[in-house]
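Take a look at the structure below.
Going in written order, the chains are labelled A, B and C, and every chain counts its residues from 1.
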Amino acid sequence: MKKYWFPSLLILTFLLSAIGHYADWNPTLQFVISAIAVIFVAGFLGKATESVSHYAGQRLGGFLNATFGNAAELIIGILLVSNGQFEIVKASITGSIIGNLLLVLGLSLFAGGLKYKIQNFNVSLAGLNGSLMILGIIALFVPAIFLNTHALQSEDKNVVSLVVAGILIVAYLLWLVFSMITHKDYLADVTEDSEEQLPHEHAPMWSKGRSIVYLIVATVMVAFVSEWLVHTLDTFTEKFGLSEIFVGAFVVAIVGNAAEHSAAIMLAMKNKIGASVEIAIGSSLQIALFVAPVLIFVSHILGRPMDIVFTVIELAAIGVSVFIAKSITQDGSTNWYEGLLLLAVYGILGVSFYLV
Amino acid sequence: MKKYWFPSLLILTFLLSAIGHYADWNPTLQFVISAIAVIFVAGFLGKATESVSHYAGQRLGGFLNATFGNAAELIIGILLVSNGQFEIVKASITGSIIGNLLLVLGLSLFAGGLKYKIQNFNVSLAGLNGSLMILGIIALFVPAIFLNTHALQSEDKNVVSLVVAGILIVAYLLWLVFSMITHKDYLADVTEDSEEQLPHEHAPMWSKGRSIVYLIVATVMVAFVSEWLVHTLDTFTEKFGLSEIFVGAFVVAIVGNAAEHSAAIMLAMKNKIGASVEIAIGSSLQIALFVAPVLIFVSHILGRPMDIVFTVIELAAIGVSVFIAKSITQDGSTNWYEGLLLLAVYGILGVSFYLV
Amino acid sequence: MKKYWFPSLLILTFLLSAIGHYADWNPTLQFVISAIAVIFVAGFLGKATESVSHYAGQRLGGFLNATFGNAAELIIGILLVSNGQFEIVKASITGSIIGNLLLVLGLSLFAGGLKYKIQNFNVSLAGLNGSLMILGIIALFVPAIFLNTHALQSEDKNVVSLVVAGILIVAYLLWLVFSMITHKDYLADVTEDSEEQLPHEHAPMWSKGRSIVYLIVATVMVAFVSEWLVHTLDTFTEKFGLSEIFVGAFVVAIVGNAAEHSAAIMLAMKNKIGASVEIAIGSSLQIALFVAPVLIFVSHILGRPMDIVFTVIELAAIGVSVFIAKSITQDGSTNWYEGLLLLAVYGILGVSFYLV
């Protein structure tokens, strides 16, 4: 009995959410149904990730999760770019980065820290993650500073944007080579050895092949439900008088990252903090170093060039998020209070964006 | 004989300073007497702190010292807020933060480092202190950036200020829970073990109860003498043509933190660098995360709302101080040259503030 | 036979380059000859450095290399200051700092990392280098921020510049005392012990005395050839329409640091990463904390006062370079990907400076 209620509710809420969306039901009803559906699909994705992570190791599992999670964001981004809605794209990129670094990582460290006094992950990985985050910031700050202090022609702006985007994509692809191939052991999870001694504790529900299929299916479901939910939010934005940037940076980021949230927190509470960090930081790195630059290239291919220049408050928000996340993770050791510090910064940014 | 000269001079200079203040003697005379009295009361406070620190452990002792030291600043701040002198309040908050991070910490590391080649303190504490400092900076930077780039209504400015102040106070109180209760051992002083083996070296002068009473009495005396001394400085400001911000950020900070100075340096020279750092960094954290936000709430209660927006040069001064202090302390190991680097930054800020 | 071709070509290209310069040959021909000569003299300097480094230890060898390398820059700087070409001086100071931190260090870590999976150097040195870099940034940022937000009189600007320059020179000289005298062992190279076991591998070509003489001769040759080469670049600047700041910050920096490049990369590939880092970071620190302040004093002595205020994009470029270099080196462990990250930032700055 217990075995079937979860898949049943998962499929039911998903279908209801789909019907509501395409039949154009009342927005408030659509919102409620989609929000419930998100909980179930996020839970499904979390289980699939955990299972794949069992077979693949914490880091590869975390990477797969981050990638599938961001596939949805990439698709939504391309749709927005093709409509020329550059401000919303940049706001939601900003929101994804700070949402992952502050909210997802903060809740994971907090929840994990309440259960385990100190949680450790590979300190070399922590250092490299920090340096990659700084590359992402520099790639956004430098063009903004140069273009703000020197009035450049539109053409030069596009050249800077494309070159910087190209550098980021190359850096990201080589990061995959480095972390998955040449220095895989060097970045291995510190707790992996001890896990081997407790195989029964983490016995997976599904076979390796089924886990991968479920991971893909769950990701696709999350992508659809997220979009349906985001769609209903537009109506809310107008109703409650929220600014586009607040909705992009906070509401969309919270909802759109529901999958990362649930998976990362669940893993943290099982003391797999390495995988949690990989999801949260890995996902924000993927947005900054891969999704954002790809969107710039796509915008040029579509003939509506988007530049890489973010607004001052977006840069400030990304900058402070990276600054505190780097400071907290760089020793490879975490506790509940560090999670709380990240959430405090999220709160400060939240109230600031809300009032703008 | 030797036993009585110190308390005698302590009481004598304190009384003379009090009489001079209330009888409104010549300002120059008042200044000289108060300055001498400060030396004695600061020495008294240093001894009381050391004694309490013997019973309570380095960290709790340092915390008590920082709290009693900042009680004076809180009282002076409330007086200034009730007079609507917001610029001076913010300048003296700035001065307390940079004075503690650069001057007190710098002199402690320098003096301790001349005597001991390398001094170590808990590296986990160093990391957390760094993250807390960053939270303090973010809380000041974010409102300033958002309010400078988007003209907000006065009401919204107050909302941001109150929410951010509330977040800081909660974060500070939970930091006490974390550092004093849930993770006390984790942040314990690294040298405490070895101290146990040398109890005779640190034999305290007074009993536990008497030490605590003396700590409170000394703090109250420091608060009074500091205020009398600061009072005479107003006359000096006009006489020598110094700007209010320079007096607030440097003169008041040096005099007002005399107690922290003497205690921190004395502890560093006894190789209790953990307690020194706790006084210097703990005191600046307490100002940023507790005293400043409480003053904002008090200003609203008094009906003269003060916002949290500091000037660009105040933010720059706090920012660079945190940046260098974090870099120097994050490895939990200090030497004389690192103290000197902090003093160099203090000098750079000093000449810049002097000429503005 | 093999023994003589290198010195022969070294002297031949050097002489041809000299004749071309003084006989005022065709600029393109001068450029080609000087560029070839630079390769040989840089190679000669690299060998001499390696030999001296064998006798003196990695760090002292690296320091000597950095000092001799920057002697050339100091001389060129004095010539430019006496001509009142302050913008070019500041652009080339900027270029030297970012060239050393990003290009020289980046290529060293990359080349060394391709050969050795992980390379380690003294972690305490890494931390102190980071703090010194931050002092250098603060010394440039604080005057710029104070002077931009408060219109100061020219006289006050000079006072700030001289005081800050004086503080930097004192800090640099005391750093030499600290690192060469009081804490020499503390900062010793981590791999030195293991080297002792393999003396035959590093057997030097020359005696100690001859190595030192060759180091001085090679440095002088590099200084001359660099200047001749830089001289030809002025013509190129006009021909290809490059901005002065791009030429100063990139072309001059690459050519003028050819010696550091070759020496640092060669040492990295021999697993002497400590010496590589000392050359790259040590050289940029020497420029920021010694060469730049000395040029300010010289400018006042020559009666053409130069201030310490750099442009916004120069500050941004130096700031991001320090930020990423500090993040990458602070754990005292390096790999090929970290080198690549530094080169990515160099590329981002390069395209931005190119288009301004």
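Rule of thumb we're sticking to: a residue touches a chain if its C-beta (ideal position, glycine included) is under 8 Å from a C-beta of that chain, and two chains touch if they have at least 3 such contacts.
Computed from a prediction, not measured in an experiment: that's the story for all the values here.
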item	value
Chain labels contacting subunit A and also subunit B	C
Rotation, 0 to 180 degrees and nearest 5, that superposes subunit B on copy subunit C via CA atoms	120
For subunit A paired with subunit C, centre-to-centre distance based on mean C-alpha positions, whole Å	40
Touching two or more other chains - residues of subunit C	none
Touching residues on subunit A, where the partner in the complex is subunit B	117-118, 311-313, 316-317, 320, 323-324, 327-328, 330-331, 333, 335-338, 340-341, 344-345, 347-349, 351-353, 355-356
Footprint of subunit B on subunit C - complex, ascending	123-124, 127-128, 130-132, 134-135, 138-139, 141-143, 145-146, 149-150, 152, 156, 159-160, 163-164, 167-168, 170-171, 174-175, 178, 182-183, 186, 326
